[in-house]
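This structure is in structure tokens; I'll ask about it shortly.
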Amino acid sequence: MKKVLTGNFATAYGAKAARVNVIAAYPITPQTTIVEMLSEIVADGELDASFVKVESEHSALAACIGAQSAGSRTFTATSAQGLALMHELIHWAARARLPIVLANVNRAMGPGWSIWADATDSIAQRDTGWMQLYCENNQEVYDTILMSYKIGEHADILLPALVNLDAFFLSHTSQVVDLYDQKTIDQFLPPYNPKIKLDVNHPRSFGALTSPEHYYEFSYKIQNAQEKAKEIIRKVGKEFGEMFGREYDLTESYRCEDAEFILVNYGTLAGTVKDAVDRMREKGIAVGSLKIRYFRPFPSEEIQSVLKNVKAVGVIDRAISYGHEGPFFTEVRSNLYGSKASLYGFIAGLGGRDVSIMDIESMVDYMKKEQPSHLIWIGVKK
Amino acid sequence: MARKKRADQPIVIKGASDTPPMAASMGSMEWNKTASWRSIRPVILEEKCKRCMICWKFCPEPAIFPTDPPKIDYEYCKGCGICIVECPFDAIVSEKEGK
Amino acid sequence: MSSTTESKPKKIKLTIPEEEIMNPGHLACLGCGASLAMRYVLKGLGKKTILSIPACCWAVIDGPFPYSAAGVPVHHCAFETAAATACGVTHALDQSGQDDVTSVAWAGDGGTFDIGLQALSGAAERGENMIYIVYDNEAYMNTGIQRSSSTPHGAWTTTTPVKHYKKGLKKNIMEIMTAHGIPYCATANIGYPEDLIKKVKKAKETKGFRFLHIYAPCPTGWKHPPDVTIKISRLATETNVFPLFEVEDGIYKINKKIKNPKPVSEYLKIQGRFRHLTENVVQSIQKEVDQRWTRLQKMEQAFGEKTE
Amino acid sequence: MLEIRFHGRGGQGAVKASDILAIAAFNEGKRVQAFPFFGVERRGAPVTAFTRISDDEIRIHSYIYEPDVLVVLDPTLIGAVPLTEGLKPNGKIIINTERESEHFSFPDAENPVVSTVGCSAIALKYGLGSQSAPIVNTAILGAVAKATGLVSIKSIMDAIKERIPTKKEENAAAAKETYEFLR
């Protein structure tokens, strides 16, 4: 059934469709309407779940960790400051190998107070062991939440997923979303049934003091799971396509086959870049777009195969690693080591600054005229 | 009282292949014979003991069996001496270990 | 030692449940009050219990991976999350229909009075169906004896060294928790195991958020010989330093009224952490103890069970 | 793709109007996108909202810089905000006002087609809002349907009933009346 939904409502419907058992969340702009909608869905009995209205984001994720450890499928959602407050438990959830799904509305960090789009909040969670991905539109948000449970709960993966959607550009933007039949969803995503959990019939401790003799192997296993996740993401993305008609992968390339210039991007910028690509193609410029869905695990193979023979690659980051450059740019460059492509790192749209088609055209213009550079600020007022 | 057979050996984990995904325990601490912590050894004087079981009640390990007479589990007794102090009948005495 | 079964004399009556759930081999220091507290609490709760334990001595006492001494499922959780984690466990139990299993947060005073207070208050206010137990050894013992807001006036710790011993009062956690209007709130002391277990059982039978404040000496941190742990525990109640009382649906009840309370100095003098105190300070501590005791009695008079 | 920009004041329901227009077009089989100007909405402060309508998938996630249609819920905004900025040549402007369209001139815009309708009075007639703050967001959508031909009045009325929680019929009737008012 198709509905016009904001990204936040698509998120809530995604959690509902995944039949989560326990939701623990705390309101924060611009995530708030997710928790409002879920409260309604639970209160109306449309979803048989416990909604724990905790007193902080920290407790939100802690409650999810407790519930998931005891065998529940859990969901939470937050944004920026809330995600930062969760940080300690972000690590915890991954090391405890709990396939929690967290929807993060990408928002800039204060001060000054900002409620607008910026991916620096989620990038800061890079090294936690979570799968981390960015959505382009509301349909993808809904689909991704469903797939994230399936991928995370796979016996070889057991990792949580941070599903990111841009503040306002998705959270508060209404778009058409195809909501699927629950019976088919249930076939795709069976109930969560972990092999080991808190169980009075099999008393175990979880997360005990771990000496250097063992900690290292746990870290090794998380990395293995991340590597393996690439394969499972592709597999589940295909299966999803077969069942629901929309296929997903770690990346998505658009008009890249014969492109001289490729713009690498993520989040809602992907859509705008595609429109810009079409416009530039009409003018005879051979441009393509490579959208990166997964930041972790990072799709090295795809990056290499799509980009290695291109004349110039520009990476658009709506985030910055201060003292260095755009975080996606760093990743792309390291994966293109030895390639002859000229590399350009663009910073754009921080703190919700709009990135227009004209801005994107100006990037390709820059790549045509200027020497490669790792840090080019688009639209900064100097 | 019925006691299950206690683990004598620590669990051996070879490496990643037999490590669970997360730090989930695989056995109790009973392999850890804390007798080695002991510098004094409580000894129950059977003739003085009135079987009140206060020693058993206050043992933090627990390393005293509530039998007739109560019996100290010297594999685990750390020698804290609570039983010696708490015995109302002075029926537990302290001996130096390793003499 | 042999694993044989020995006969128990028929005439002997045990005053607390015989079944041991906690296993020996654990890593508590000699004479540890916290290990006794766990032993008693599990006797009261039984095996159908899931513990959420944040950073505290028990994070170590239970044993390192791949071991666990508790004998029930233990969920080690982040320092400030005992209440939130246990509340998550509660909801999962609820969702899977396991209503005979008790979810318990088991935290030290640091994780309760200090860093975990927000999550504790939140869970209490929401009325989560769980038991929160603080075993109180009055400082951060696991990190090596630093003051917490539970450290009493006069005490030495490594962050309140002798000349700068703790000056303020111990935070009154029971008043904070009773102010939440929760159905059951009680103090207990490892020196009185029968009373302690009775309260644990009462908490288990009560629905909603329940709070137990258990006094648990630390020989290492309090600088006393390990063999006097129980003696000190009893003195704490006999001097009114740690009165035993419970608040059930707002009704106060003092469980042990000491006819002639011993002077606080008797309690202080056997602990190295108070050794430096001058007579003047001891007197002011006595005054504070008396004031709190009077206040508690007045609470009982005002909000106790009506006798007529 | 057609791009519509709504201008109103906080409390008048411009954001809701952009949403309802999108729903109406969606119900006619179009692809749509609706979003507010991302800010902190405060009663009385100028508010902007956007609707995109297309036969193809809408991929862009950026503000509307060159709208085809402007919808002005409050005539006092004219001159107060750069209303016609980027308006396409021959773009349409629909204004809630009792005055005739000849009364308005937009020197910055190229051949704008201006339509006016007194939505406030119509809204009040149907009990929508108060004398000092009539709620005109639903009423003006009838005029938008007529002036632009983007969607049918029936779709507008259905979308209003779908999206407005109370006084569904009154809101729909107000839209119908502005639709019929415009020629």
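To keep things simple, chains are lettered A, B, C and D as they appear, and every chain counts its residues starting from 1.
As a working rule, contacts are C-beta pairs under 8 Å (C-beta built on N, C-alpha and C of every residue); 3 or more make two chains touch, one makes a residue touch a chain.
The shown structure was predicted, so the numbers you read here are calculated from the model rather than taken from an experiment.
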Quick check: more C-beta contact pairs at A-D or at A-B?
A-D
Could you please state the distance in Å, as a whole number, between where the Cα atoms of subunit A are centred and where those of subunit D are centred?
34
Subunit A to subunit B: how many Å between their CA centres?
52
For subunit B paired with subunit D, centre-to-centre distance based on mean C-alpha positions, whole Å:
80
Quick one: report the Å distance separating subunit C from subunit D, using the average Cα coordinate of each chain.
64
When you check subunit A against every other chain, which residues touch at least two of them?
204-208, 210, 214
Where in subunit B do residues touch at least two different other chains?
13, 20, 23-26
Residues touching two or more other chains, restricted to subunit C: which are they?
62-63, 65-68, 71, 74
Those chain pairs meeting the touch criterion are A-B, A-C, A-D, B-C
Any idea which subunit A residues touch subunit D in the complex?
2, 4, 115-117, 136-137, 166-170, 172-176, 268-272, 274-275, 352, 354-358
Would you pull the subunit C residues touching subunit A in the complex into a rising list?
47-50, 52, 59-60, 62-68, 70-78, 80-81, 83-96, 98, 101, 118-119, 121-123, 125-126, 128
In their shared complex, subunit C is touched by residues of subunit B numbered 1-6, 10-11, 13, 20, 23-34, 37, 51, 53, 56-58, 60-63, 65-68, 71, 73-76, 78-82, 84-86
Please output the residues of subunit B touching subunit A within their complex, sorted ascending.
13, 15-16, 19-26
For the complex, which residues does subunit C have touching subunit B?
1, 3-9, 11-12, 14-16, 18, 20, 22-28, 30-33, 35-36, 39, 62-63, 65-69, 71, 74, 193, 219, 225-231
